[in-house]
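Here chain A shows up in two complexes: once beside chain B, once beside chain C.
Let's look at the complex of A and B:
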């Protein structure tokens, strides 16, 4: 039986850093999955990602979220990165779980990703489930996980990139 | 190439049980995934499910939820709880042969810091209100996770044929 779920790369930060980037992603899988555990060093940072170093306004999202007191939905277009947590800032107090599933990443159509954010801080926090669209027909060869405001993630932040194979 | 996604243990109930526990979870993986399909003896179409980690029933569980019943959507939160909540299971008066689907994802379960994790449960019965409920959970303990227990929160039983599968994901 072929292996269908493989680690491609993993990074655990040994010092505060502004991004975790996976480069040279092979085109040999069908889908990609990223598991990212992080928090922010300072307030004012919202998690997002960029593919293939593309910083143009090629990203949009629709999300479903919960604040603890209300649920809602939000969308935004022509962003310079894929926002993974709607508008919520990454907390500095507790570690957060972000998963990102990227479908048909090596194909020649626009790319859709499913992003889930689970961020409870024992009295605060946010939860969201969303979709982002990257309007590019290029195969995805790199993914940069970062904050929109450029802040740092602390030591211990970790991200793993998995490849899922249908063949 | 090492295996990335491995079944650690499973339990398909042959008779009703108060709880299901996975113990002696090895520290050799990176993340844990628990997938379950649950029906309980609770009266009603749905029932609450709890999770206790490492047998810790201190006030170390908190969560923030996002749910929908088919007619309303809502968000709620709790802190300082004695167990996590991975509701809803399917109750015993729901449409026959219906079970929920539950997935719990626990990253970095051996790292010495508080443990964030996610849960999502879905159910549908072609009759009455059913819930989809996603939760951001926090287990405020720095201990490595070595056991996970799933219970029906009101003391009802987990019914026979309910199934539970614990997987380990390795990034080695």
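Let's look at the complex of A and C:
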């Protein structure tokens, strides 16, 4: 059996930085998986990502979330990035976890990602699952993890990119 | 802890050898069924990862272990959101003839290049003394005010038989060539 789950790259910030970007992603896998641990330096930032430096309004999402007291669902169209958390800003207090699965990233269909968000702040926070669509048939060669408002992630924020290969 | 640090450094950069590809299939446009047969019994869990599109309208795709269509053998719970509201539903035995674990876009009703994505986990599939639980995360966005869905689905297959095959059946139309369904084994 071939080995199918490999680490492509990992980045851990040594100082506050506005993004973690994976470039020159090889097209040799079937899916990509990103595990991202982060928080925000300042309030007002929401986690999202952009493929291939595309800042046009080519992204849309639907999410399902729970706040600890209620559940909900949100959606948005024609966004300039793939929103990974729709309900709240990234906290500055506690580390948050994202897992992001990007399917058929090198194929010629539009690109769909599924993500899980786990964030608790000892009295606040929530959990969510999301789906994002990137309306492009281009192969994904780069992924930039960032905040929509352009704020920084602190030192210690880390992200790892994996490749998953089908038979 | 130093021991954990040592272990972490030993494994850094090395591929996982416990997650292996078993088989993969691509839609042909002329069939609504994909079957993975002769599944090795050597893993702890199975995972299906797929992008899927149907030739007709969007809808469920069911997964049948060992090609079991008996409605007495499946129960179902889901929580899903359409971008506005959250809904939960469930079925006891007698209703479903398979695990409704995968959602697919439809070529005739969606953006033509859009596909739905699914991660389906089946744990302890080779057990001969447990019922099997299917855990699915599936959904798609269509950049519209409608036709957006995200599902969390649990299905119980009331059988102690080891799973040796998985039959994946579209519930309307065929799998287009934009469909890729891959089966992985986790040790």
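The rule we apply is simple: the second predicted complex is superposed on the first by the 166 of 167 C-alpha atoms of A that agree within 3 Å, B and C clash if a C-alpha of one lies under 4 Å from a C-alpha of the other, contacts with A are read in each partner's own complex, and residues count from 1 in each chain.
Criterion: a residue touches a chain if its C-beta (ideal position, glycine included) is under 8 Å from a C-beta of that chain, and two chains touch if they have at least 3 such contacts.
In this text the structure is predicted, and so the values were computed from the model without any measurement.
Trainee: A:18 contacts which: chain B (first), chain C (second), both, neither?
Mentor: So A:18 meets neither chain B nor chain C here.
Trainee: For A:129 in the superposed arrangement: first (chain B), second (chain C), both or neither?
Mentor: both
Trainee: A:71 in the overlay: touching chain B, chain C, both, or neither? Say first, second, both or neither.
Mentor: both
Trainee: Touch check for A:62: first (chain B), second (chain C), both, or neither?
Mentor: A:62 sits against chain C, while chain B stays out of touch.
Trainee: Does chain B (first) or chain C (second) touch A:37, or do both, or does neither?
Mentor: After superposition on chain A, A:37 lies in contact with chain B alone.
Trainee: Quick one: classify A:97 as touching chain B (first), chain C (second), both or neither.
Mentor: The first partner, chain B, only.
Trainee: Does the superposition put A:5 against chain B (first), chain C (second), both, or neither?
Mentor: Both partners, chain B and chain C.
Trainee: Touching A:113 in the superposition: chain B (first), chain C (second), both, neither?
Mentor: second
Trainee: Could you pull out which residues of chain A sit against chain B in one structure and against chain C in the other?
Mentor: Residues common to the chain A contacts of chain C and of chain B are 3, 5-7, 64, 71, 116, 129, listed in rising order.
Trainee: Which residues of chain C touch chain A in the complex?
Mentor: That would be residues 12-17, 19-24, 49-51, 53, 79-86, 111, 113-117, 119, 137-145, 148-150, 152, 178, 180, 182-185 of chain C.
Trainee: Can you check the complex and tell me which residues of chain B touch chain A?
Mentor: Its residues touching chain A are 1, 3-5, 30-31, 62-68, 73-77, 79-80, 105, 107-108, 111, 113-118, 134-138, 140, 169-172.
Trainee: Of all residues in chain A, which touch chain C in the complex?
Mentor: 1-7, 30-31, 60-64, 71-75, 77-78, 101, 103-104, 107-110, 112-114, 116, 129-133, 135, 137, 164-167
Trainee: Give the list of chain A residues in touch with chain B in this complex.
Mentor: For this pair, the touching residues of chain A are 3, 5-7, 10, 35, 37, 64-71, 94-97, 99, 116-123, 125-129, 156, 158, 160, 162.
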